[in-house]
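Right, I'll just put the structure down here and ask away after.
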Amino acid sequence: MGLEIDREACTGCEACVSACPFAAIQVTDGIARALPGCNLCGACTDACPTDAISVLAKEAAPAPEDYRGVWVFAEQRGGRFKPSAFELLTEGRRLAATLETELCAVCLGDEGEPSELASYGAQRVYVLTADAFADGREDVCAQALADLVRERKPEVLLAAASPFGRACIPQVASMLKTGLTADCTGLDVDAEKRLLLQTRPTFGGNIMATIICPSSRPQMATVRPHVFPRGPIETPSAAEVVRLDFSRRAVTSRTRLLGFVEELSNKVNLEEADIIVSGGRGLGKAENFALIRELADALGAGVGASRPTVDEGWIPYAHQVGQTGKTVSPKLYIACGISGAVQHLAGMQTSKCIVAINEDPNAPIFSSATYGLVGDLFEIVPRLTERLRRRKGEA
Amino acid sequence: MRIVVCIKQVPGTTSVALDPKTNTLVRTGIESIINPFDTHALEEGVRLKERSGGALTVITMGPPQAEQALRDAISLGADEALLLSDPAFAGSDTLSTSHVLAAALSKLGFDIALCGRQTVDGDTGQVGPELSQHLGVPFLAYVSKVEAIEDGCVRVERMVEDGHEVLEASLPAVMSVVKEINVPRLPSLRGMARSKSAKVPVWNAADLGIDPEAVGLAGSPTRVVRVFTPKRIIQGEILTGTADAQVETLVERLAGARLV
Amino acid sequence: MQYFLNEQQETVRSLARRIAEERILPVRAELDEREEFPWNLMHELANADMFRVFIPGQYGGLDGGILDLCLAVEELSRVCGGVAVSYAANALGVEPLLGFGTPEQKQRFLPDVADGKRLAAFAITESVAGSDASAIQTTAIRDGDSYVVNGSKQFITNGGEAEIYSMVVVTDHAKGSRGASVLVIEKGTPGFTFGKKETKLGIRSSATRELVFHNCRVPKDNLVGREGMGYIIALKTFDRSRPCIGAQAVGIAQGAFEAAVEHARTRLQFGKPISSLQAIQHMLADMATDIEAARALVYVTARGIDGGDKAYTEASAMAKLFASDMAMRVTTNAVQVLGGSGYMRDYPVEKMMRDAKITQIYEGTNQVMRNVIAIELLKRRGKHA
C-alpha cells in the first residue's frame, strides 16, 4: 500500500506539494516522492495536473453479512430527548430506506417518551434501564451500548457529536474494535456495497474528508448537531418498544460523581442556539459588547465572540466560537467586527445564513458571508437592533 | 508520580489556507506546532509535577519530524520525551493511534495520562477515550481543574453543558483537558537548553510489541476515500448604501428567509 | 544585519521577543494608562529564566554577559520601554554585588534575584544630587555592628517594588569624593520607607519612587567593597549598565520604526501608499540607518566588555549617548510618519516617543555623557588604537 508516482507523467510542478496538508510529499530531482507523514488522504491525486499520482490500497476484507439495521442513539437530558435525536432519526430514515433496512433508536433510561422517537421514524426503540445510567457516566453507557450492539448487530450506529457523545461513543467504538468518524456534516450510502459514506471537516473545515469503514461493523459516526434538519413523519406508525433491564449487566463506572455545580454563566448554550450574534476585535473594547448583547436580545439570540476578544478579557471563554472554542451551526450567524480568520470560520461556517458587518471590505469573512455589510458597526448594529425592535413591536 | 502527556504535532493553521481563487488548499508556510489543546495538557502536567513531585514524560506518535514537537515540550517543562515512530504507523486512524499510544503507556507505566481535548487537524477528540478503553482505566473528559491527587485517586472538575461536575477516579487514569484549565507558560531558557541537548529515543512497532498489521492503514477500520475542499455554495451579497439602507435591505432579506 | 550571536544569545533574544509579543504587547497600553507595575510580567520573565541571564552560574544564573542582557532588554523595549526598564533596572541593582560583593553577599542576594523571587534597584540620585552625584547627602554612620542611615533618594526605578537596594551613601563627609560607600539595604528594614510614587511622562508602568531613611540600621555586612569606594563602584556600575540603556533605546526605536513602516505601506493618500513618496522614504531610510548604527555601537561595546576589554568607559558613554539621541529622533519621526494618527493614544508611537525621552536623561544625562567622552578622548589625544 502506498502512494504511487508515475515517473513518466510527473513533471515536478509541485502542485502536490502545495496541496498536501501534512507536508508529506516533496519533489526531489524533479520527481515527486511521498514522505513518512503521508496518510494516503489523496489531496495530491486531485491536485496533480498530469494524473501522475495514485493511491494504492489493499482490497478491504468484506464486512460480516449478518449486521443489519440503522441505529440512532437518542441522547436525553433533563428527562427529554435532545433535538439531535430527532435530527439523526430524520437523516437515519433516509439512510435506512436506501439500505432497505430498519431504523431503530436506542435510549438509556426511560424518561423520554418512545412515541416521540417513533414520530421521527424509529421503527423499533430499545429502552435500556438500570440505576447505573442515572449519573450519565460515559463508560457505563458505553459498555451497555456495546453489549446491545454485540447482541443485535446493527450495521450503522449514529450518535450526536455532543460533549457526552464525543466522550462516550469513542469508548464504544474501541470496545467493538470498529471505525468511528467524528463530527460528520454529511452522510450518504453506497447501497450496493452497504457502505456509509461519512463526510466531515478537518483542518478547521478547510478540507472535507469522506470516510468509510469497509470491513468492521457497525459503521459508527457522531454527527454535528444542527447540521441536519429534523422533520417528523406525517403519519407515523407505532414503534416496537423493547425494554431491557440492564441492572445486572451494567458495569460499575470507573469514575465517581461527587457533585454538580450549575453555572449560569456557563448557560451559554451556543451549540443549541438558532441565532447567534458575535463580536470581534472591531468592537474595540469590552464595554462595546453591550451593542452585541442588545442586538442578541432583540433577536432572542446567543452571544458569541472571536478569540481575540476573549484573549483580551472582554468576554468569558464560554462565548468563544472557533477552532479552539465552540463549534456552532445556527440558522443565522451575525458577525460584527470579526475579520474572519480561518480559526474563527472553523467554528461557524456551517451556519445556514451568515451576516458579516465589518468596515474592511477585504476582510476574509465576506467570502463566507451570505450578506455582507461593509461599514461602521457602531452605525449599523444599533440601527439593526432598533429596526428589529420596531418590527417586533409592529408584529 | 509518573505523568505522561500525549501530544501531536500539527501544521500551524496559518500554514494551511484556502486559496479563494482556485478553491484549493495552499500551504503558505511549513511551520509545525504542538496541537494547541495539547499545550494545555502539557502545562497541567508540569503543574501537577510541581505540586506533587514525580516525572513528566511527553510522547507522540508521528513521523521523524515530530521529534521537534517533543523538544518544544521539553523546553516547556517535560523531563523526558519519547517518539513512537514506524512506517507501519502511517495512515493510522484514531483507533490505531490510540492502540499505539496505549502500548507505549503500558510499557512506560503511568499514574496520570493527559491529552488535549482534540487536535486542530483531525478534530476528532477520539484518541483520549479510546486510549482509556485500550488500557482499561478511567477516562475523565473535558477536565477544567485538577482539584487534588491523594490516596491513589484524582479529583477533578470537568465541564458539562450547563455547569461543571466534580468527579473522582482511581489512578492510573486518562484525562482530556479543555483550554480553560490553565494558561500555558512560555519556554524557559534552561528548558530550551535542555531541549537542544536532550536525547529523544524512538520506539517502533517491534519495541512496543505491536503487530504491524494491527496498526497503520492496515489496522485502521476507517479509511479516507476522498478529500476535497468544500465548495462555498453561498454566493454572498454585499449590501451597499448608508447604514440605514443596509439595515433595511438586510432585515428585508432575513425576513424573506424567515430568519427573523 | 547579521551579528553572529552565539547559541545562548540567540535563545535569549528569541525568547525575549516571544515574551514581548505574546505577553507584553496585549497589555502595554493599559499598563501605561494605569501606571501599573507589571508584576505579572515580572513573574513571566522569572518563569522563563530571564532573570538568570545576568547572574553567574554558581548563584543560579546562566553566566550571560552584557550582550546577552542587552539583547533581552532590546527585545522587551521593542514592545514596551516601561516593562523593559523594570527588568533592566533589576540588573543594574545587582551590578555592584556582581563586581564588588563578597561570596557571602552574593550567596545571600543573588539566588533570589535569579529565581525572580526578589527584584533589585540601584539608588544614587537625590534631590540635591542628580548630575552632581558627589553632592549626595544621605549618610551612613557606623555604630557598632551597623550603619545608621539617614536621608532620602529620589527618582529610584523599581523603588517600592524591589526588595534589594544597592545604595551609594556618604560614610565619611570629611573625605569628599573618597567618603562614599555602597550599602545593600533591604525593603522592610525598620527606618526605611518609601515616599511618593512619581507620575511620569513615559515608562509609566515602571515604578519610580523616593526612598526615605530615618535612623535605619543596616548590618555592616551589607557594605559592598570597602568604605570609600562608593563613587568608584558607581562609575564602574554605570560603565557596564549604560550599554543596556543603549539597548533599551535601540529597542524602543525599532518598535517605533516598524510601526512607521507598516503605516507607510498601508496608508493611502493621493491614490497610493505614502511609502511611495520620496519624502517618507528618506525619513524611513534615515531612521533605519540611525537604528542600525546605534545597534552596532551597543553590540560592539557589549561584546568588548564581555571579551575582556579593560577600558570601556568612553565606549559605554558613546553607546548610551548615541542610541538615546537616536531613539528620540526616530520615535519623533515615527509619530510624524503616522501623522494625525501618530498623535493619538490609540496608536502605539506616541507612547514610544514618551518612553524614549528618559533614555537621554537617566544613568547619566547625555550632557554628562558628553563630558565623560570629552575627558576620555582628550586623554587619548583623539587617537584611535
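Think of it as A, B and C in the order they're written, each chain with its own count starting at 1.
We take it that contacts are C-beta pairs under 8 Å (C-beta built on N, C-alpha and C of every residue); 3 or more make two chains touch, one makes a residue touch a chain.
Every value quoted in this text rests on a predicted model; they were computed, and no experiment measured them.
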Geometric centre: closest chain by C-alpha means | B
Farthest chain from chain B, comparing Cα centres?
-> C
How many angstrom between the C-alpha centroids of chain C and chain B?
-> 42
Any idea how many Å lie between the Cα centroids of chain A and chain B?
-> 18
Separation of the C-alpha centres, chain A versus chain C, in whole Å, is 54
Set of chain B residues in contact with two or more other chains | none
Seen from chain B, its contact residues with chain A in the complex are 11, 13-14, 16-18, 20, 24-27, 30, 32, 36-37, 62-65, 85, 87, 90-95, 98, 120-130, 132-134, 137-142, 155, 157, 159-170, 173, 176, 179-180, 217-218, 220-230, 232, 234, 236-240, 243-244, 246-248, 250-251, 253-255, 257, 259-260
Of all residues in chain B, which touch chain C in the complex?
-> 185-193, 196
Seen from chain A, its contact residues with chain B in the complex are 1, 17-24, 35-43, 46-47, 57-58, 60, 77, 138-139, 142, 162-163, 166-168, 170-171, 173-175, 177-183, 197, 200-216, 253-263, 266-267, 269, 271, 275, 299, 317, 323-325, 331-332, 342-343, 353-355, 366-376, 379-380, 383-384, 387-388, 391
Parts of chain C lying in touch with chain B, wherever the complex brings them together = 7-8, 11-12, 15, 18-19, 22-23, 44, 47-50, 52-53, 62
